[in-house]
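So that you can tell them apart, the chains are marked A, B, C and D in the order they are listed, and the count of residues begins at 1 in each.
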Amino acid sequence: MIRKILVANRGEIALRIVRACKDLGIKSVVAHSSVDRDTLAVELADEAVCIGSAPTDQSYLKAENIIMAACLTHCDAIHPGIGFLSESANFAKMVEDAGLIFIGPKSQTIALLGNKVAARKVAQEAGVPITPGGQEALADLDDARLTAQRLGYPIILKASAGGGGRGMRIVHREEEMASAFALARKEAGLFFGDSALHMERYIQNPRHVEVQVIGDGQGGVVHLGERDCSVQKNHQKLFEESPAFALDPAMRAAMGSSSVALFKALHYRGAGTVEFLVDGSSYYFMEVNARLQVEHPVSEMVSCVDLVRTQIEIAQGRRLPFIQEQIRLNGYALECRLNALGAGTITFLRLPSGPHVRIDTYLEAGSVISPYYDSLLAKIIVWAPERRDALTIMERALDEVLIEGIATNLDEQRLILKSKRFVSGKVTTNLYEEVIATRKRHG
Amino acid sequence: MIRKILVANRGEIALRIVRACKDLGIKSVVAHSSVDRDTLAVELADEAVCIGSAPTDQSYLKAENIIMAACLTHCDAIHPGIGFLSESANFAKMVEDAGLIFIGPKSQTIALLGNKVAARKVAQEAGVPITPGGQEALADLDDARLTAQRLGYPIILKASAGGGGRGMRIVHREEEMASAFALARKEAGLFFGDSALHMERYIQNPRHVEVQVIGDGQGGVVHLGERDCSVQKNHQKLFEESPAFALDPAMRAAMGSSSVALFKALHYRGAGTVEFLVDGSSYYFMEVNARLQVEHPVSEMVSCVDLVRTQIEIAQGRRLPFIQEQIRLNGYALECRLNALGAGTITFLRLPSGPHVRIDTYLEAGSVISPYYDSLLAKIIVWAPERRDALTIMERALDEVLIEGIATNLDEQRLILKSKRFVSGKVTTNLYEEVIATRKRHG
Amino acid sequence: MRTPDIPDIETLFTLFEHSSLTEFSLTASDLTVVMKRQGQGAGEAPSLPTETKPIAKAQPEANVEIITSPIVGTFYLTPAPDAPPYISVGSTVKRGDVLCTIEAMKLMNQLEAEYSCQIVKILAKPETMVEFGSPLFEVKRL
Amino acid sequence: MRTPDIPDIETLFTLFEHSSLTEFSLTASDLTVVMKRQGQGAGEAPSLPTETKPIAKAQPEANVEIITSPIVGTFYLTPAPDAPPYISVGSTVKRGDVLCTIEAMKLMNQLEAEYSCQIVKILAKPETMVEFGSPLFEVKRL
């Protein structure tokens, strides 16, 4: 039985978790940095504990302070939110060792999935197609050259222990291999303490499609359909939609069932996402995000399942309250991320409201946008029976936005939303560059 | 084909209609009084026309100015919203005569339903149970006395031509009949130009349940389930929910099908509501509201049908895009009306947001609440799979509300929401008095 | 309940002009005044009345008044297409004289002067739409 | 209920002008006045520190400083339940002397003085939780 949860995060996701706690009649404690004292999540939570100063390594990554805050405020569980410590197997282990419930997968599951080579192996065993590539860490440069010849260029070198671009190198020709291998190896060793690399065939301009899965760790696993997150700027997602438009029905079904098979194989507990690259009629496993994701609301809108609430219920030891056949995906949901382009104080704020519109934000007039953290200001999520209607409703919603005091990406987001590429649904990872760069070239 | 719509209303409902226009790619013109120039509906519409000064009879009831504004801005249609001219058969006729589309029923339908005696007759013919009472207008005081003896006291006298409490008298004993009859007759003559009265048996503390129906005037009629609107203060609704909690399934089914039968008999075009009084295991027809209603969002939330959008599509001559079997009512929606207790300027505003919450409002920081109009500030609507979860989510939402600068009914609404009576679902029209009056008596 | 005397619009302007305010609004039962300013106010600030409501019974000069439209309709200066205009700039009219026609609901509504005055300026464009409160004429009360 | 007399609009202006307010609004039964200002107020406006954080290392007096908690944990004045406290009010400590223990993650963390000082006040309650930045001691730097 969970009576009180410590929320180890900030911004809109901290508020999202506080709201889920209130909906479940559970008390919440927000652990915050000194500059986040006046944020909405802190105000609306039952309690708050300052865990350090503004820099993330002094507060939101300070595991000891977070765990002590949970213990001393008599919390039963810690929700790590998104980012920060949410995918740290070490942190999850520390939470478990402190006798607290970690709202997320078991620490071993996180550790396993954190190793990209191991994750690929498990995925392949569960029948999930993986990008052609070596299953094992590369022995040396010669091994790398031979493997690349077998796969065909371009290939991508990845740090086995890491993620997020570090230790990653795309190699287009054999001549580039030696220096790329050396550099990637060095980076991997530096950032992850493990210089092991593996190699995959590099997919150019794929679609980025991910399946939302949730498991109770007791045999129950259900997926809530997929999301298309192809529209990105420097690997940062800008728009997310569910279902993925014009995805081949057979591919959609296979993605869903193989993701469920993977989570069953993992005895996965909690919410997680299986990420795929889609290249024409093929799809390849990329990785598992062993946590909630920023874009979870689009899946909530089409499935009517509250993911954060379900995460908490599962963490209490409950079984999933539904089976796959009870999940009925309905209509079409689209999320637009509103990001700050700089720090500052919001002097006037108008966010859209009304039918079909959901806003997840921690902003209000007077909010201070700190330079220390993620630039996400608000998520605007709309629903409609059809994709084209959802696009129109999003346009209406974005037209209502009025933020004074800081610069935002609103104008760029509107350009993307109205672009032919986006409207046509032909979304791949190079859409942003094509739409915005073209626009800029032509003035 | 409708290209531009004149919105003949104000406040949140004007904004609701402007948003529906945007979603359909239709231009909107808001007709507003001089004090409403700076409201959000005016700002977000494509155009605006000032139709008069603040008092409603100088602007929002000024049919000629509204119709001229529509003609001169080249609108194809007028949406009357809720209240004001929305149930005026005369206004609908003037709109039709000006060659414009009235977004609502035909003027004859409105006229027919405006006569309460005629409406009861049509309802009875369509198989809708009506409260025991005279079908015809009462001839004189003797007729009234005889009818009352037959029905049994208490009875209610109603103005045949009117509604809304004018010309209405509850009579508990024969001794009260003479003066009540004289007074009701006088009021009816004064307010409706027609002193005809009819009599019905008076139901004490009933539930107020209404069925949302929409027809295309071409044979297509569908209902979207019922709403319980029993929680009222002086006949003003405070909370509305759909479905009506613990309603006998057979009664629910009969209400739905007889409401559809009534609308089919009327060849009804547009959205409308059939109001019923529920007394234990009986239910009685009260009247038809031949227009959109304030509480329409709760039906939208459970049916996923956009009522305002569908109103506009029907007005364009389209058939209903769904049949009854395609309507799938899902979960539970609850609306809370936030009302102003006085005029003033809003200096700070925080409205709830996040999952399962929809806000329909025209408010923002700086909004001036005028003493001339309805006190409705915002509608907070929540959805959940079950009633008890919806109540918890509403509690969370109301806890987030922060309005500075004017007094509101927020505290009273929270008391009602948390009252045992409301939580138990035993809602009848005396709930407000019981909860609030009891509270006040005990300090 | 006592309400304070509301000063002339001129006085309000002067007050606002010489203040450091960036916004001022006043609402009374039958009057609304809103004044805003961008950037800094005070003393020598260039007079930037960013929002002057067209309806306000403004009195830019002594005796000068604005006659506004009482209805929504189409504004005509002449009683018929080929007829001469009712008035022109400089005309002097008496109380009850017709100033213009506003067509609404297929009726030609003649707007009569409520007091004797001289036409200073015609503010609305003939044959176009006027809304309630649209300024039609600037006149000097006689 | 009595309402105060409302001053003239001019008086309101003067009041607002000489205040450090940036916004003012007044609502009466049939009157609403709103005044706003961007940035700082007029002439002698006192520079209002708009945000005074409760944790801030306030300096209420010369030489007086607040020592705050660097971690989240349980605050103890004694090294063990039956041991005497490290310090008490009036104690003088040197740089490096232990002031208190903060228990976190089953470790007893000893907080040492960063400079020589005299203890003026003990601000945290022993055996209770302290968060990052919680004031522990008021000291006078020596």
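Simple rule for what comes next: a residue touches a chain if its C-beta (ideal position, glycine included) is under 8 Å from a C-beta of that chain, and two chains touch if they have at least 3 such contacts.
Everything numeric in this text was worked out from a predicted model, so none of it was measured.
Common neighbours of subunit B and subunit D, listed by label, are A, C. Centroid to centroid, with C-alpha atoms defining each point, subunit A and subunit C lie 58 Å apart.
Taking each chain's centre as the average of its CA atoms, subunit A and subunit B sit 43 Å apart. Separating the CA-averaged centres of subunit A and subunit D is a span of 38 Å. Rounded to whole angstrom units, the spacing between the C-alpha centres of subunit C and subunit D is 55. Shown for subunit B are the residues that touch two or more other chains, namely 368.
In subunit C, the residues that touch at least two other chains are 27. Contact between chains, using the touch rule, shows up for A-B, A-D, B-C, B-D, C-D. If you check the complex, the residues on subunit C that touch subunit B are 27, 30, 32, 34, 53, 55, 71-74, 104-105, 129, 131-134.
Considering their complex, residues 15-16, 19-20, 22-25, 44, 297, 300, 304, 306, 308, 330-331, 348, 350-351, 353-361, 364-365, 385, 389, 392-393, 395-396, 399-400 of subunit B touch subunit A.
Interface of subunit C with subunit D (complex): residues 1-7, 11-12, 15, 19-29, 39-42. For subunit B in complex with subunit C, the residues that touch the partner chain are 34-35, 37-38, 49-53, 59, 64-69, 72-73, 98, 368. Contacts from subunit D toward subunit C in the complex involve residues 3, 5-10, 13, 16-17, 28-39, 41-42.
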